[in-house]
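Each of the two complexes below includes chain A, the first together with chain B, the second together with chain C.
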Partner chain A sequence: MLLDAYRPGTDGPWDRRTASHLLRRAGFAPAPADVDDALKEGLARTVDILVSNAQDAPRHGELDVLGERIAAGGGGIEKLAGWWMQRLLHTHRPLHARMTLFWHNHFATGNQKVGSPAMMLRQLRTLEAHALGRFDELLLAVSRDPAMIVWLDGDSNRKGKPNENYARELFELFSLGPGNYSEADIKEAARAFSGWHQRAGEFCFNPVLHDDGSKTIFGKTGDFDGTDVVRMSVAHPACATFMARKLLREFVCEQLDAALVDELADCLRAEGFHVAPVLRRLLSSRAFFDARHFRARIKSPVEFCVGLARSLEMRAPGQALHRAASQMGQRLFEPPTVKGWEGHRRWINSSTMLVRINTATVASAGRGEFGLDADAWVARAALENGAAATRFAIDAMLDGAVDDELHAALREAEAQPPAAALRTAVAVIAASPDYQLA
Partner chain B sequence: MTLNRRDFMLRSGASLAAGLTLPRVLVRTAAALGQSDPRERILVLLQLSGGNDGLNTVVPYRDDAYYRLRPTLAIKPDTALKLDDHVGLHPQLDGLRRLYDDGWLSVVQGVGYPNPNRSHFESMDIWHSADPTLEHRETGWLGRVLEREKAMQALHLADEPLPLALRAEGVDVPSVHTIDSFRLNADDGGAARRAIFTLLDRPDENCESHAGHAGTPPGGSGSEADFVRRTAAAACANARRLEALPPDASGSYPQFGLARRLHEIARLIAADFGPRIYYTSLGGFDTHARQNTVHPNLMAEIGQSVHAFYADLKARGVADRVLLVTFSEFGRRAAENASLGTDHGIAAPLFAAGPGVRGGVIGPSPNLSALVDGDVPHAIDFRAVYAAILERWLKVSARAVLGAGFRPVEIL
Partner chain C sequence: MRLSLNRMRHAARSAALLLAVAALALAPWPATLAQSDAASAKPTAAPAVQTTPPAARSVAPAAQLIPDNALLVVGLRDGYRAVDDFRGGDLFKRILASDAYKSLEKQSEYMKAKGGLMMFAGAAGLDPWAAVQQVAGRDLLLALLPPPKEGNHDKPDVLIVLTPQDAAATRSLLNSILVMSGAIVDGEPVEARSRLVDGVRGYSISDDLYVAEFDEHMVFANRAKLLEGVIRERRSGEKKLATNEHFTRAARDLPREALLWAFADVRQFKSMTGDAFNKKLDNGLAGLLFGGAVEAFRSADYASAWLRTEADGVVLDGRAFGEGGGAEWLKTFAVNSEESRDWSKLDLPGLMSQVALARDWVGIWEARESIIDADGLRGLTEFANTLTTLMGGMDFHSQFLTELKPTLRFLAARQKLAEGAAPTPELPGFALVMHLKNAQQVAPRLENAALMTMSIINVDMGQKMQPQFQLTPRDYHGARMLVGKYPEKTDPGPRGIRYNFEPAISVFGDRFVICTSEKMLENLIDAVEKLPAAAGKAGELASDTLHVDLGELSRLLDANREVFIANQMLEQDFSRERATARVGMLLEAARMLGQLSMRVGPVSDGLNFSLRIGLAR
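What follows is the complex of A and B.
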């Protein structure tokens, strides 16, 4: 079975490369000390910590309050997005943070239409609360989420005048995928959600505008409401397969192996759609550690920026970090459409690649808001010369693995004094094709 | 759309499987060289974002109903720049009026689509995808042109992200804020820049003949690593070509953002840079309140910038190769609102400019005495304008791109 546990020593090593693969995929590019910890703890315990760690950094407490303050104080969405980036940067629960991002993309909602940072924050809190929890509970919470209601026109869904927008996306994008329901199912499901409105940013059920007549959905007839439709969607055989595909695209690769999809879908059903145990299984599996998947998935702009800042402990104010990610094509709270960001190869084109290259050079030069403190690293890691500084960057950013081409390009760095060498090496590595991959 | 959609899915599926989602480079590929013609025609699309007020752009100065509906905002009959016995241009559109007098401006009235959508977001997607049902908003109409015409290049020159209009599977259109900003900027004394160019700038990786090399991870030349490598090479090549563009102070342009962008486009056209499609935009048209403090300035920006653009192109001897077309996601309501502004409407006029157009006013002038739900209904489907651009200018099959047949509007 592809989801059988990967046994270090028998199936392959548990070394810097494998540990770093796990930490990158289940979070962001790790700092060297994080890899040391993972090697010490071993695979099973590392996955355990990723999946179940409920404690976050002390800094996080202060940051949490700040979000509410930004939203309440009428701060713009850019401020809130910067705050989120800051939290991603400082989190001690990288998998939880990644799953929150995953759900933001899955239930892609844009402030452009919602027009309320407070409502966007509230939705983010909902996604966080259920990030590793049960999918059926999350789906219901999102169906009642005020930002989602505005985003997909829930307020205009009333008895006798159904608005199909939410029902359609619930089936197509949130739970089943195209081809698993009929247009009639959508029409009937829209009636079930009629009267699910929001008022002043709070969910509000309006019984007068709710159609409580009989509906037929997926061949079953009854006086269904939105809660029933959510339950029926998750119980639909296509749901587990649909969600297995999405999780595999996020954590493993874009081109999926049908057998692996089936195994993970079975796992989802067996676990009652509880995400934590499913991810524990996936992240410990032989399929996950298959050598073909190492450095074979394109990082999102947020992964690129947060990872770069985390792995080298860069100075990185949230808004500056978010501006960089935005230029690369990912503005948090502003997905391009309800389908979210398509990801993978769609992240990279010649313009966004140039932005990545320029972000690498500007951040490594350390003169901007978001940047490397090369002098501090030279002192802290006792980097005596250019060669040592270059080696340090290769270890920190590429787990020590460097191909001939990159090595040739890095000769330019090695010849310089240590701080300058570190700056050049970080720029070149961050701009390299390998570094764009997780 | 159905046929075209299926067609598209089949082809994109095939190219994805083969790993041939190639980045576009702003150089003529070997395949294109054979067919390239320095006299080939160029399209410049100018998006007016926010919903331009059509009735104050092309003014029905003879219609009493217009003055009743807009007691404070109407353009006075004596100031409208009269085009014929029914309509005249906004007084700040003098630049366009001069193009009109030379027969270089075609004014198409009442352009829209059935069942109009008043959301900026949705209506813009409709214009971009050329699909009023919004069922297929994955690809844009120009993206589909580029997907079919592998040798054709496009460039997006604006501050916004790449618009849907230019997107399609396997199509990578460079998006540039300014020519100056599309460059590799390493300011560490050049070491990082040299090293990055050494690593990434590989002209041989720009085309399909790339055969892989040492260090390619498992997965071969269709792998993600290889895709990134090729795209990075394209980014470097584009940056290098743009950096090499000679400085050029010719042309006399007003101090407007749009003028600066059109000036850059003129330079690229004159340098025979490659793109056949240039896309730029101007925002600020969502004039819900105090419209008269904003809209005249926007009209001046368009009129003066487009006029300067054609004067410059003419001086460079390339004007006859260039067609410029404007559009906005919708017009505005016929009646002004209580905030001295106008709300989201439906159909509106658009402009096509250049020596190649049939100068004149096309389509019926708005009849403000026969409003439907407060708006003048559309008379011409925007896809009929696209059909004219596709069939008669870019010489590609409009049916294949639009998914249905539309009789081209007689702008060309």
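What follows is the complex of A and C.
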């Protein structure tokens, strides 16, 4: 079975490369100390910490208050996005943060239409609260989320004049995927959601505008409302498969093995769509540690920026990080369409790659808004010469694996004094094709 | 070993720069500042623009060493004494006793700088203040020179000539820097780091800082060849700044009390920057408001400025002048208007700032193509067409601008909003005051335009399901007002209604006023009624003026403290504690200031300006 547990020593090693792979996929590029901790704890305990850790960084308390202030104070969506990046940077719950990002893309909602940072923050809180919880509960919470109601025109969905936008996306993008429902199902589901409105940023059920007549959805007839439609969607046979595909694309690879999809779908059903145990199984599996899946996903801009800053503990204000990610094509709270960011190969083109290279160059020089403190690393890691500093960068950023071409490009760095060597090596590696892959 | 030497060189260079900066920052504040009366709480009149600087003074001897093609020269005279005066003065005591300084003392950057200064001063056997005095010297000139033609340089050369007050102490300080940087070892110059040129030994402190001492001067340069050239040419009087006619004129015209002064060769800047300097403005409205002043400065050949102290503040005077001197553009400035009230005495509650611009509006409109680029003109045309439409077909140029008197005023004042409607951030109220030639004829068209604008805003807000303004006409002390207000008990909701903006317009006397709150407009109507008669001379070229009550501004900043803390946390990744300390320090520093006044005015050969900053009581 592909989801059988990976046994270090029997199925393969538990070393810096495998530990980094786990930490990178289940969060962001790790700092050297994080990899050391994972090696010390072992695979099972590391996965356990990733999935179960409920304690976040001490700074998260004050950052949470800051988020509320920004949203309430008309700080604007750019500031709120910068604030989110700052939390991603400092989080001690990387898997939780990563899943929140995943759900933000899954339930893609854009402030350009919602027009309210406060409502976007509220949606983010909802995604965070259910990030590793049960999918059916999350789907219901999102269906009642004020920002989603504005985004997909729930306010204009009323008895006698149903608006189908939410029902259509619920089936197509949020739970089943195309081909698993009919146009009639959409029309009937839209009636079930009629009267699910928001007022002043709060969910508000308007019984007068709700169509409480009989509806037929997926061949079943009854006086269904939105809650019933969510329950029926998750119970639909296609839902587990649809969500299994999305999770595998996020955590394992783009090219999916049908048997692996089926196994994960079964796992989802068996766990009652509870995401935490499903991820625990996936992240501990032989499939996850299959050599073909190492460095096989293209990092999103947020992964690239947050990972670069976290792995080398760079000075990194959230606003600057978000500016960089935006230039690379990912503006948080502003997905391009209701489908979210397509991601993967679409993240890289000649323009965005140039931005990645420029960002890496500026950050490694330590002169920009966010950047590397090379002198501090030289002292802390006792890097005595250019070769040691270059090796350190290779280990920290590429798990020690470097091909001949990149190694040749790093020769110039090796000849420099340690701090300059570290800066050059970080710039060269961060701009390399290998580093764009998670 | 190589590393530590590099670090020492870096540290030595940093210390040298630190000393220079410290001296420049501290020196212009004499002891007399704090012994004076405190600034008035009310805006004071902007300082008069001096068409001719008073009391001539001689050219600095250091100018004999600087080539005459300097782009910019900054001078400090008697810095040694100014540092001493500052240290013994009340202002210094005030700073030391201020909360701002106590906050500064806790900043790690400050502690590092202070430690570095003490270390280098100590190495020279001086206390830190004596070290700063030595750097300020008797005469200090900093010159920016055009980049050298040979090589691949694109940045200007830098030359600093210091004439010490106490040559032995300054030499001791320099010696310690040379030892720390490794240019002198065991009392002997290191050959690789020093060179004898024409009998004078020059040293390399770092790759871009060189120094030599000769003829009572210490000369610093950013290139070895530049320093060598200065040494070789030191006895030649040709092509030196001291013989440059324009520089000597500017230096001679400096008032005796000028502490810090600057001279710029604008012609050279223009030839160096080419199109960048001569680029037309790309914003149509900005071009209309400021294009004349910008063009006047562009067509100047030279500029000079000097800083002096007054009893309760500092004044920076300056001028941009030339042979052709912007004569074309002087036409865009208005002569003193027929405004009969003295607006500098405006007693508006919470008044924070007042800007007055005086223009020949028709003249500048007709000259717009020479001032504004194609994009800016497009925007300006759109703006003019929109206004023409809103004003019911009243042509912007031929019917509106011709009806405007020259002076346009922008006011900002603290505003008190309805209970529970305090917005974040808390912004001041704003008002735009236009003076009309035929108010009774033109005002109805402008009122109509305002009404249409508010109606359009209402339609937009309605489409977004947001609350709309209730438009209410009313009279206030005989003035007709039109006010747009949110309905009472409007729930702001999470979409964040901007309570800072409740438009109010009025026509009273010859004035048409657009204001962002009803209360501010009422206050303004009352305050204008009480204005005394103006004393301006009709026919003189009018100046632009700016008054800012920095105390009021600091109160506004304080009211938005949380916003600034949030910004620091977001933009600097500071903890809340650190961000709070940083913002507190800046706000405390702002509280030490009183009034700011600026005046910019045209004269026959260019533009003069004067900026005055007063201290708080």
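One rule holds for everything that comes next: the second predicted complex is superposed on the first by the 438 of 438 C-alpha atoms of A that agree within 3 Å, B and C clash if a C-alpha of one lies under 4 Å from a C-alpha of the other, contacts with A are read in each partner's own complex, and residues count from 1 in each chain.
Just so we're on the same page, contacts are C-beta pairs under 8 Å (C-beta built on N, C-alpha and C of every residue); 3 or more make two chains touch, one makes a residue touch a chain.
None of the values given here were measured: they were computed from a predicted structure.
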Overlaying the two complexes on chain A, which is it for chain B and chain C: clash or fit?
clash
In this superposition, which partner touches a larger number of chain A residues, chain B or chain C?
B
Looking at the overlay, what does A:371 touch: chain B (first), chain C (second), both, or neither?
neither
Just checking: does A:307 make contact with chain B only, chain C only, both, or neither of them? Give me first, second, both or neither.
neither
Can A:83 be said to touch chain B (first), chain C (second), both, or neither?
second
Using the superposition on chain A described above, determine whether A:119 touches chain B (first), chain C (second), both, or neither.
second
Touched partner set for A:291, first chain B, second chain C, both or neither:
first
Just to be sure I read the superposition right, which of the two partners does A:195 touch: chain B = first, chain C = second, or both, or neither?
neither
Colliding region between chain B and chain C, picked from 327-335, 381-389, 399-407 or 489-497 after the shared-chain fit
381-389
Chain B and chain C contact sites that coincide on chain A, given as residue numbers
none
For a test of understanding, state which residues of chain A touch chain C in their complex under the given definition.
59, 62-63, 66, 69-75, 79, 82-83, 86, 89, 115-119, 122, 146, 155, 200-201, 315-320, 369, 417
Listed in rising order, the residues of chain A that touch chain B in the complex are 112-113, 291-292, 294-298, 329, 336-337, 344-345, 348-351, 353-354, 357-358, 361-362, 364-365, 367, 403-406, 408-413, 416, 420, 423-424, 427-428, 431-434, 436-437
Show which residues of chain B lie in contact with chain A when the two form their complex.
21, 23-25, 121, 137, 161-162, 172-176, 182, 184-189, 191-196, 198-200, 213-215, 217-219, 223-225, 227-229, 231-232, 234-235, 238-239
Applying the document's contact rule, which stretches of chain C touch chain A when the two form their complex?
2-3, 6, 423-425, 464-465, 491, 493-496, 498, 562-563, 566, 569-573, 575-576
